[in-house]
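Read from first to last, the chains carry the letters A, B, C and D; within each, the first residue is number 1.
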Amino acid sequence: MAILVNKDTRVIVQGITGREGSFHTKLMLEYGTKIVAGVTPGRGGMEVHGVPVYDSIRDALEHHEADASIIFVPAKFCRDAILEAIYNNLNPIIVITEGIPVWTVMELVDMAKKRNIYIIGPNCPGIIVPGETKIGIMPGHVFKPGDTAIISRSGTLTYEISKTLSDAGLGQSVVIGIGGDPIKGLSIPEALKLLEEDPQTKRIVIIGEIGGVEEERAAELIKKGEITKPVVAYIAGKHIKVQQKSLGHAGAIILGEMGKPETKIKAFNEAGVPVARLPKEVVEYLREL
Amino acid sequence: MFLYEYEGKKIFSEFNIPIPPGDIAFSLEDAINITKRIGFPVVIKPQILGGRRGKAGAIRFADNEQELVQHLKEVFELVLYGEKVSRILVEKKVNIAHEYYLSYMLDFYERKPIVIFSTEGGIDIEEVARTKPEAIVKRHINPEIGMTSFIAMEMLNKLGIRGEEAKKFVPIFINLWRAFKERDLILAEINPLIKTTDGEVIAVDARVMVDDNAEYRQPWVKQIKEARGGTESLEYKAKEKRISFVVLDGDIGIIGNGAGLTMATVDLVREFGGKPANFLDIGGGAGPERVVAAIDTILKLGNVKVILMNIFGGITRCDLVAQGILEAVNKIKLEIPLVVRLTGTNEEIGRKMLEDAGIKAYTDMIEAVKKAVQLAERGE
Amino acid sequence: MFLYEYEGKKIFSEFNIPIPPGDIAFSLEDAINITKRIGFPVVIKPQILGGRRGKAGAIRFADNEQELVQHLKEVFELVLYGEKVSRILVEKKVNIAHEYYLSYMLDFYERKPIVIFSTEGGIDIEEVARTKPEAIVKRHINPEIGMTSFIAMEMLNKLGIRGEEAKKFVPIFINLWRAFKERDLILAEINPLIKTTDGEVIAVDARVMVDDNAEYRQPWVKQIKEARGGTESLEYKAKEKRISFVVLDGDIGIIGNGAGLTMATVDLVREFGGKPANFLDIGGGAGPERVVAAIDTILKLGNVKVILMNIFGGITRCDLVAQGILEAVNKIKLEIPLVVRLTGTNEEIGRKMLEDAGIKAYTDMIEAVKKAVQLAERGE
Amino acid sequence: MAILVNKDTRVIVQGITGREGSFHTKLMLEYGTKIVAGVTPGRGGMEVHGVPVYDSIRDALEHHEADASIIFVPAKFCRDAILEAIYNNLNPIIVITEGIPVWTVMELVDMAKKRNIYIIGPNCPGIIVPGETKIGIMPGHVFKPGDTAIISRSGTLTYEISKTLSDAGLGQSVVIGIGGDPIKGLSIPEALKLLEEDPQTKRIVIIGEIGGVEEERAAELIKKGEITKPVVAYIAGKHIKVQQKSLGHAGAIILGEMGKPETKIKAFNEAGVPVARLPKEVVEYLREL
């Protein structure tokens, strides 16, 4: 058992007939993920890589049992798709799609929270429990089973660091790509609290970025002793001083005093969390723990 | 995306928030014509996206045409926070009785909109928060309810503004909220919000940020972007090609796949003494055409001595990535060195393909970074 | 307020719900001109507010001008459920493959909107509910979410409509919801919603009710009311004067203060064998001008033999009420008897004032009712 | 102690500076109602019949303690006024105003319910506990203290029937005018449930009307034994057959099968509730109980 998902999690793929949805359905199936059905409104009756497609989640649930959803639907249709997943009690809902307006994300996350449903993302690579299930778009081969958890606002940088860990024999209990948007379903502090309760996780890596205040809030939790497992952090963009411009991720933006890397590094340092200067230093700090 | 003051004020006036009479001038002539229409005295406000104009002494007043021309000539020559002044807002000067502050923004962490009002306007709200916190009132807003009369009234009452006077502020609270929500804004700030000596309440500045993701449902955003020129437009054109591009001030062009990895690459270049010229993320699943566009974009910066490309082949095979790079390079006929770091599935094949074409290709990120920094130093 | 079919369809088309080509005709000429524009075959639909036209055999089809003229002449002579046909909707006939039912209404008791869809259209939904409940799907709607694609799709799937076919219905579900909510409607019903032999989905009828209270924010409601004539307009004009007026079919004019008391007065007249001509509530705190307007309105009905006025003076003193009645009566020079029941503070003074002016005034409601019934019988 | 309000209930009058608000404030004060403050935005600082006026409820609460609110604000400003009362936790909120759009009432009642706040009305005469407090616009002198409760969709008809009761020596524990709109804050069944728990109430009079299904639902409750106190009913409009037209009250409308008087009378009869043919018969039935 890992947090949020595990090898038994039954998944519905929303937007399965699209290019990305179809491609990653194939890769997830190859990884061993239990995909039970796909949904694309208007395409009910098709099959994609052997997975039956329905017009609606409710229609899919008439024929299959399912727990979670992964969403590849284009941004403009995501409000509807995410609402559909929420209203059908799928949990967690992993939103891969990039470019959903922040007001819409705010509305949807609020609704999901009121129903105790986790949204991961949007604009994220998904979640993987190495050797068990991959509900996402990350390259499965860079991850190895183990007891180090990774929470990350990034995609490729996470693969990079995960590979370094795997190569160094530090397998992962779970890797959660929480996404690069300013408002997201699962924040770093929320993910930390889940991992604190996870018996499979012995230590945690936070891959943060400039922008927002999640790293600072995470550091506060650690400082207050609410997180007792050892944590190592990396902050991407720590040498970037540009104001008011998003760096690839809509969430990676410095606005006045908010989002500056120095504040994040200071907060982590004060909480006793080592911040790696180079990505490969993460492994060195983990070994020193 | 941040808006220019005049772009923000256009939105304000569409939502019935009073602004001073005035218009945007791209030339001395424009400015004189505007002044003829609105009459003296006027205020001359250069339009830039970053920094504080007031602090930079860039805001000028003119009581007659002689003063106007004098100031305009000077201001059109200014470079403020790295931006050349190309457009000036010319407005009727208002008689200020008191300066207030009003803003809406999204509190990303709490996932709620927030409204901030202060009786101390005209200065940074962060400064007021430090020096006179009792003059600020803040409130999270339930988006289902929005800003309503009673919430505005409660906030005004809290800072001692009551009765008929308070009532004058209420529509501005409500209309700014409507603009904020209906236009998919992330920030809508009026600083200062002015009470004139005649008792009118007017927005004399506008700091507005819109959510780029909402462009598909906010057609005016595209119009604004297309109307702009300069660097801003270079970044915009990159974005049109699904490339995230931000200009920095160095000489090492940087291309990465994925925002985090690209940021990390910029960081590493700095760690090893180099100066990144830009941030450029080609995103996931980029084909040769996006690689071409990326290199093209960086070359337009003019001052780049070397390009460093950091690719982590996740799902895509590295040999295909290499093929894309080669196609791109052949098309562009690059005259500056390109250092590539390539890792992932089939990385050996990919690296060999590149090196056969004379392009340095590394597995290790740090080695690639060191090489790029060294090449840039040599290029000086 | 209920809308005519053509008024409802105008709203539908404003919300991009497909309707057949056609227009409203007030004369034979109008109808011929419309037909020239849209071409034969056409359907002729008299516009009335109550009842079932289909059952009354009032809907006709015409394949050529001769048939058209014949039917029009007949239909313009019809009186349906007490309403004289004064306007006819002339529409292109559609080729029906299947009839569906779709409606939104407010569930007053649960305080939620409700949507009902059925694969059995063209008949009363209450009848379908009795005879074939499995062909109906109902859902309460969370107004914050509204009708979305996925809810529509779930409802369609539930009744076996799937894939591309289902997708054709989805926009109509969403657009009818938008009309329902944005226009402050209480009922928006499409029965039948048609699938044509070409596979198009079209609304061929419209039953729409709008909330009168929303008139201040729905300016089109006032326009519609003003464009109407006849009895409807008499009721409307009363409403303009803050009088609630509904025409019944008897000869005793009834005026009360308060809706419940007025309803009870109508009931009592019936209990004692009389026939109420109307329901008229002058509301709370009515002055002489509203009493004048009330009597005026009732006299316009033409067939009233006696007016019964039932006033419970609650807060207002009865002597002031009596004074108002006297002022009103003097102004109008009433030629039919007026029976007044007056009770509350200072009722004795008030009653005396009225009786001095020759107006029967009672304390007891039943006595007043009996008197009015007796006067009406004598008047025959 | 009565239900919802009693002699200690401290009341804020919203819209106190208007004609109706000011007039009824005077009458309520004369009746003994504890009015602590008035609110009219933009009129902060005034006084009305000795009651201090504020711009906002929150500002009033800085200077006074208050429990309930009565609202005389014009219909178009009522969404704001009712929201203000809800957000400041006033309970109950008595809405006298007529003409609020039903969608707005639906939205507000939903919000109030989520916060366990009672709205009475809109379009209602208010609530009176004879001899204790009057939060409404009814003529106080027709009511007498006693142990018969009245729930009514009507105004003047309630005064009429209450006076008959008072004259016959049947005083009232509480009289609640729930209002004539189709959607209201307190329905007949909800009021019945409150009265069932009220030790001061021995018997209940329901003054219903045509339109809606509240009377039918009330009859069901009684039939199921959830209401054990004796109930007598009167239905106004029982001889009115007009379809699709509101009779004075927006809620008094027959739509197809819904709202017909015969259904209501039948439901009450089946639940053993006598339905008075004439208003004065209510007293006779109560005496027979």
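Following the convention adopted for this analysis, contacts are C-beta pairs under 8 Å (C-beta built on N, C-alpha and C of every residue); 3 or more make two chains touch, one makes a residue touch a chain.
Bear in mind the structure is a predicted one, so any value in this text is a computation, not a measurement.
S.K.: For chain A and chain D, let me know how many angstrom lie between their CA-based centres, rounded off.
M.R.: 52
S.K.: Using Cα averages as centroids, what's the distance between chain B and chain C in whole Å?
M.R.: A distance of 56 Å separates the two centres.
S.K.: Please output the residue numbers of chain C that touch at least 2 other chains, ranges allowed.
M.R.: none
S.K.: Hunt down the residues of chain D that sit against at least two other chains at once, touch-wise.
M.R.: none
S.K.: So how do the chains connect up here, line, ring, star, complete, or something else (other)?
M.R.: ring
S.K.: Please list, in label order, each pair of chains that touches.
M.R.: A-B, A-C, B-D, C-D
S.K.: Can you list the residues on chain D that touch chain C in the complex?
M.R.: Listed in rising order, the residues are 27, 75-76, 99-103, 106-107, 109-110, 137-139, 141-142, 152-160, 163, 180, 182-183, 187, 207, 209-210, 212-214, 217, 234, 236-240, 242-252, 255-257, 277-280.
S.K.: Applying the document's contact rule, which stretches of chain C touch chain A when the two form their complex?
M.R.: Residue list for chain C touching chain A: 145, 148-151, 153-154, 156-158, 162-164, 166-167, 170.
S.K.: What part of chain A is in contact with chain C in the complex they form?
M.R.: Chain A reaches chain C through residues 41-45, 54-59, 77, 79-81, 83-84, 87.
S.K.: Where on chain B does chain A make contact in their complex?
M.R.: 2, 49-50, 106, 108-109, 111-112, 124, 126, 143, 181, 184, 186-187, 209, 211-214, 216-217, 235, 244, 246, 248, 256-264, 266-268, 270-271, 276, 279, 281, 283-284, 312, 314-315, 343-345, 365-366
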